[in-house]
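The same chain A turns up in both complexes below, where it pairs with chain B and then with chain C.
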Partner chain A sequence: MSRRDIEKLWESRESESLTNAEAAHLYRRAAFGATSGEIKAATNEALGAVVDRMLDDAVSSEGAQLEKNFQQMKSVVIAGNIYTQLPAWWLYRLIHTSRPALEQMVLFWHGHFATSAAKVQSPTLLLRQNEAFRRHALGSFTDLVMDVSRDPAMLLYLDSATNRRNRPNENYARELLELFCLGVGHYTEKDIKELARAFTGWELRGETFQFNRFQHDPGEKKLLGKTGIESGEQAIEVIIQSPQTARFIARKLVRYFVSDGDDIGDDLIEPLAQSFRENGFQLRAGLRKLFTSRLFYSELSIGRKIRSPVDMAVGLLRTLQATTNTISLAESTRELGQSLFFPPNVKGWDGGRQWINSATLIGRINLVTKLLGPETTFKAGSSEKIDSAFGVQNATEAVGLAESLLLARVLNGKQKSEVVQKISSEKPERSNLLAAIKVLATMAEFQLA
Partner chain B sequence: MSISRRKFLAGTAAAAVVASTTSVPRLWAAANHRSAHFNDQRILVVIQLSGGNDGLNTVMPYADDVYHRNRFATRIAADRVIKIDDYVGFHPALGGFGEMVRENRLAVIPGVGYPNPNRSHFESMDIWHSAHFTPPHRTGWLGRWIDEQAAKDRQTNEVNATAQALRALHIGDEPLPLALTGLNALVPSLKTIDSLRVASDELVQAALKMESVGAAPADLLDFLQGARSTALTAADRLKSIDVRQLQRTGDYDQSGLSRKLAAVAQLIKIGFGPRVYYVELAGFDTHSQQPDAHAALLGELGRAVRAFHRDLDGTAQAENVLTFCFSEFGRRVKENGSRGTDHGTAAPVMIVGPKELPKMSGKYPSLTDLDDGDLKFTVDFRSVYSTILQKWLGVDSASILGDKHPMLDFLG
Partner chain C sequence: MHRPHKFVPRTVLRFCLILAGIGIGLPASVGQQSNSPAEWLPSNSVLCLQVQNVGTVWRELESLPMVKELLTLPDVQKAMQSPQYRQAMLGKTFIEGVVGQELRAFSEELTQTPAWLAVDVNNDVGVVFSPPAEAFERLQKSFADYAAIGNLSKDSPPFRAVTYKGISAFTLDKVRIAFHAGRIVVCSSNSIGKAILDRALGEEKSSLATTRWFQNAQQQSPRSNANSTKISGAIDLKTLRESGKLKLPTGREIGPELLVGGVVDAIQAADVLNMAVDWNGGNLETRLSVALPKEIPETRQYFFGKDQIKASPNALSLEDRILSVRWHRDLGNFWNMIPQIITDENALAEVAKSESEIATLFGGMISVGELFDYLGPGVELVACQPKFQSESKEIPEIQLPKFGIVGTLRDAEKADRALRLAFQQVVSLSNLNAGAGKYPPVEVTSEKVGSVRYLTASYLQLDSMKMSSTNRSDNVPSSDLYLNFSPTLVIDGERFALSSDRNFAERLLNGKTEEQKDVRGLDNSVIELWPQALVDLARTNFEALVAQRMLETGKNREAVVSELEIGLTIVRCIEKVRLSLTTENGNLVFSGRASLATK
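Moving on, here comes the complex of A and B:
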């Protein structure tokens, strides 16, 4: 790709306003979908203002009340010490949060610094880690890595709690380089051994981190070609200052928010990586750059991602202003390959095409059918009131609305009339909108984010 | 889940009847006209041990002092080892394997690895799956085998959607393994048979018959449409099985691997179709507190594999099933300070088959001639693949692996 093309794709559209389809795309990718009202509001403002509001720290009074509810539910999970309820707790939070873009980033970091409740098992520690992700999700990556390296759940998950001076345990050191900061091929086996030494003595005392100087190897460590490193903190600084770390994180954000495919080259990622190097690795600024870029609304992005199970379910519920039994939803997303707090391994969820196989594809169709059924409560009230609440008069309008809110790509005329015919020729459903969604969910297009 | 499993297993014996009357003769006919030497009914079952299985504590060189000196907290005392010969033996939890070795139906291939070993779980797993050494790893060795079979069928005009969709099957809740990914191959992956049942909603059932025509980036949509039609084909094939005649046999325990292999045995017995079945057993990344965890995993493995082959013994398919167990790497020779072991290199591969297999095929790697604390591999894993492809599946391995590799002697 030419330099000119790359510059063009990274031009900011912050002073422009979005079309309906573009606004729906932004909300689907960054904030678990939007209602028609949110989309309309977004198109009446400059994109910069929309994104700033999305990423803003300010908490509304409604948000503060919700936060109280989330904390209350959290204390129930902790008091009962039932770690299997963690996914349901988070799903509830995702469905109801007033800050969905923040939660999307918390989920991003959960997948990045993957820590599984299957091994850690303590709701207290896992929820503490979850709050740490929330605290740093839009802040500084350096602070985030420092916190994660001392995070008790992580120490347990990657065995650094037993990293002793005489017998360093390489597990955390390896994953910090391979999966959290640099990526395969950007460090040596020797670097791993040296880094493991720097982390000796980083232990747990009960449920809190402690530095045990008696177990710490105080000798000099050499890492990534740098000398004179003694402590774990110094080692982290060296890793984060490596130009590769900014590239690695930028690449991962682009994969998460823009495109599953490999067709976005390093040269196109570079401007985002460079902005991290220049702004002290501030995540909010990087995301603002991404969400206001031409790239984000280009052919390289639209329809180029496969929905995650959580994105699909939470997005559908938020779009329809509905809520459901999250214990049952947690079980469904688990069967579809995404159990929150239970990532499959330290690499997190691969995402993209890995979400899809015969069983999960049929499972997705079944989940949508279930979410439109009696376990779900709609703000509009009973299902016969839904069409009028969404301003839908007939089957054609229902298909049009469902398409604009939920599909990444518009259907062609033939497809659309087939769907319209399906829902009008079937025995009368109580809501055309819900019937339309049921039918659309069986199509391959529905899986695109 | 136990209900769905019972329903499914209650269902599996029935199709034995179907298999013996219809699919088998058809397959025989195909086998006869294709090759006089190879039997097209042969089936490969792959068991992936995920996380990096500690090979030194699976098949341990119990008679070697160097082993005991390096494994202060994790070693197995010589008197507890199930001896294979006067140098090596199985972990005591692998009684099932010991039994099968005595019956000459299990071969250990020690020291399997590859040049310039990668110690990342993910990279090393991708290397084993793809048999390619540099990313991006796009296709797997079995996926390429499926592609090749499909191309052959097209030449002989034996195109059959069900056969295409069911050449291989992955059972488990992990994502589809790269090993089964081809350029065209679409392999179903399921947790249980019930996961292929579509909700009985009439509107949904009707909608499934609709064709999608692309309004999206072609590659992604092609992929999704292919996956959709594979799913619906496999779902239809399952619907056609008369579940009332199926019943569970065999002496399996309740472990996850036993459940998966019991399902594989049922599907094999009814002639469901796939020639490759793929299952995984995870948890081998034993950086700390290894002894109990590792013993539990090996116990699960040995019991499940023994029950699986016992289950097939005496059936028409017993002669046709070969099981292959591997892990992405072994562990360091020297244990760490957490009663565990860190990522290493070469490790043993186990093959279980119907008949005369050598107990040991190849030389155990030296415990003193090491590469930075790691074993040097003695057998390239691509030689194992070549041997399986040529001598078991009856195809030219060079076209699939891209190169010729020396054959091993475990299949004669």
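Moving on, here comes the complex of A and C:
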């Protein structure tokens, strides 16, 4: 790809308005989907304003009340000390949140700084980490890494709590370089040892972080070619300032929000990485650049991602303004390979094509059917009222609406008529829209975000 | 005549016809038949029920203040505006049109005279009623009018008039309704209908009344009160057993065996099961009884005692009780008898595995059998409301009920040492888990007050673990569930208690036993539940309940709170529930009683 092409792809569209399909794409990728109303509203204003609102910190009074409810529920999960309820709690939050883009980023950082409840087993510590992701999700990456490095759940998960002066534990240092900031090939074994020395004395006292100066190695460390480093904080600064860190995070964000494909080269990533370097690694600004870029709405992005189980389920519920038994939903997403708070390993979820195999494909179709069943409550009321609430009068309109809200790529005329025919020929459902979604869920197109 | 409305559902119509067929009852003496309806019912019946005066239950329920309160709840009011409710009301109006009076009054009048219901070996059902002559004639005419219409609604099967040996009858799908000699017969199939009418005509002499099992059932029947008994009846266990329709699982698992092993055995041996449902002034009681064998086999002596006279201990009189479970089970005897009682090989393997694990836990110093040998057979498990001092800083977010068991010891001196050893070993194991950071470690303190020895395990909370929501920026407190517990073993001579906390152990040991009221026999096992105390506990932990329901339903807080309010109001309507297994005059009686709140 030529430099000119890359520049063109990173041109901002912030003053332009989006089409319906583009608005639906933005919401599906960045905010777990949208209702018809939200999409319509998004097409009536400039993209920059839409994205700013999406990433804004401001909380409505309704959002504040929701936050209060989330906190009360969190207290109960902690009080009961039932760490297996954590996935259900977060799913509830994802379904109801007034700030879905923020939650999407919290989910991103949860997969990035993966910490599993299977090992940590403390709702308190895991929820503190979750709140830390939420605090920094759209803020400074430097602050986020600093907090994560002192985070008790992470210290327990990667055994840093026993990082002693005379016997440095290299686990966290290795993952910080390999998985969290730089990537393989951009550091040496010596860097790992030096970084582990810098983190000596970073330990836990009860459930809180403490710096134990008696266990800290105060000697000078040399990291990534830089000398004069003494503390863990200085070491983190050096890592963050490495040009590779911005490139690594930019790549990961592009992979998360734009495309699962391997055809996005370093050249294409570089403008986003450069913006991180220039803006002090402020994540909100980077995401704004990404979501307003031509790249985000280009063929390199549209239909180029496979939905994660959580994204698929929460997106469907939010789009239909529905809610469901989140304990049961947590079990379903676990069966499909994504249990929140229980990432499979420190690398997090691989995502992409790994979400789909012969077993999970059937499971995903079954999950959609289940989510449209009796455990789900629709804002519209009973399922008979859904069509009228969404302004749908017949099977053709139902397929059109479901397609525009949920599918990344439009169906061709033949496919569409087959779906309409299937809905019409089978025993009539109480809702054409729900029937259409059930049929669409069996198609490959439905699996794409 | 009332023509059925086109959108009255078919099920409502059928119900209406059966209900109307039941007739407007007056005392049986008004009827034209002097013989018992049992002489009409077929001799291959395996279940019979007599139903009477059930209409009064409706009236009395409606007059209860708690029920009135329930009906004023906003969500209940909302439900009463729903299309489903309106459709139900439409059905009610239709039935009232057919029977010619308001449904509640009709149902009250309907069951003044006992209605007899029988189920035969083919699962066919027949019911015989004796309505007053005027109602009999009115209903017969009304049915004839409907039969003239044919189809009662667009989708319903034809309603036809037929005759059987000169008897006027009607058919709707498989339902048959006949009018004869002042009685109305409603049945579920042609064959049972014919069987009943043949006996009514005197063409068949054998009947339910002539069967041995029915006669035995009449003799063994528990006392019944004409005013309060609404349903009484019996089941022919022997025929059901021999036909393979009654299969009771035995010898599979320890838990169910300890719970109902003796009951299952008694049912296996008995010929007849009697039953009665009483309603009296807000108390609903169901009693099921079977005859006990004259001699208790050795394998069941742990359950009943050798001579059928062993009873569970009397309840402790404690304030704020939520649950009391009392039983007589000689666990030492049971453990010795396991090879004879548990026949399933997998279950036996599980028992051996558990025994081995427990032996390991106790370092081989004490076995399960030895521990059970020390326990007396009468034990009470009791749970009460949690009570924390309001000024205490250490009140857990979720308050669990205080609970414990209290019983007696055999060979108190040796038992004392064994129980203390077991307690210490369990605490040690718990501390190993605490080392993994799941919860705080515990320390054991031993205290002797007079003759009473307390062994208490108290949680040690480090300052670094005390993180209140006020001193952390992320607003994430630590779990404090363990503040509910300070597990305690207390032994005083032959008495012992094992409790969830120290103070409660003391209450258990010092609690006085209640005097037994309304004693009919010896209670082998008793479960008592105080739902209103349960509601109070739910109120204490309301936020936890709300959060749990929000996760389970995904609904918002307001909707969940409203649902819970309805649920708690319904539960509050019940003052007490008592389930008991009693030996009474050579019978084993299972009794369930619910007392409704009167204020």
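Definition applied: the second predicted complex is superposed on the first by the 449 of 449 C-alpha atoms of A that agree within 3 Å, B and C clash if a C-alpha of one lies under 4 Å from a C-alpha of the other, contacts with A are read in each partner's own complex, and residues count from 1 in each chain.
As a convention for this text, contacts are C-beta pairs under 8 Å (C-beta built on N, C-alpha and C of every residue); 3 or more make two chains touch, one makes a residue touch a chain.
For clarity, every value in this text was computed on a predicted model and none was experimentally measured.
Aligning the two structures on chain A places chain B and chain C next to each other without any clash.
Measuring from the middle, so to speak, at the Cα centre of chain A, the directions to chain B and chain C differ by 80 degrees in steps of 10. In the superposed model, A:123 makes contact with chain C only, not with chain B. When the shared chain is aligned, chain C comes close enough to touch A:325, but chain B does not.
Judged by the touch definition given at the top, the superposed model places A:304 against chain B, while chain C stays out of reach. By the document's definition of touching, neither partner reaches A:396: not chain B, not chain C. In the superposition on chain A, A:244 contacts neither chain B nor chain C.
Looking at the superposition, the partner that touches the larger set of chain A residues, chain B or chain C, turns out to be B.
Minimum Cα separation between chain B and chain C in the superposed model: 11 Å. Chain A uses no single residue to touch chain B in one structure and chain C in the other. Those residues of chain A that touch chain C in the shared complex are 69, 71-81, 85, 88-89, 92, 95-96, 121-124, 127-128, 131-132, 135, 156, 205-208, 317, 323-327, 329, 376-377. The residues of chain B lying in touch with chain A in their complex are 118-123, 135-136, 170, 173-176, 188-191, 195-199, 201-204, 206-208, 210, 212-213, 215-217, 219-221, 223-225, 227-228, 230-231, 234-235, 282, 287-288, 336-338, 340, 342-343, 372.
For chain C in complex with chain A, the touching residues are 396-398, 436-439, 462-465, 467, 469, 472, 474-481, 543-544, 546-548, 550-557.
Interface residues of chain A facing chain B in the complex, by the touch rule stated above, are 158-159, 162-164, 166-171, 174, 178, 184, 189, 260-262, 299, 303-304, 306, 335, 337, 344-347, 350, 353-359, 361-363, 365-366, 369-370, 408-412, 414-415, 418-419, 422-423, 426-427, 429, 435, 438-439, 441-445, 447-448.
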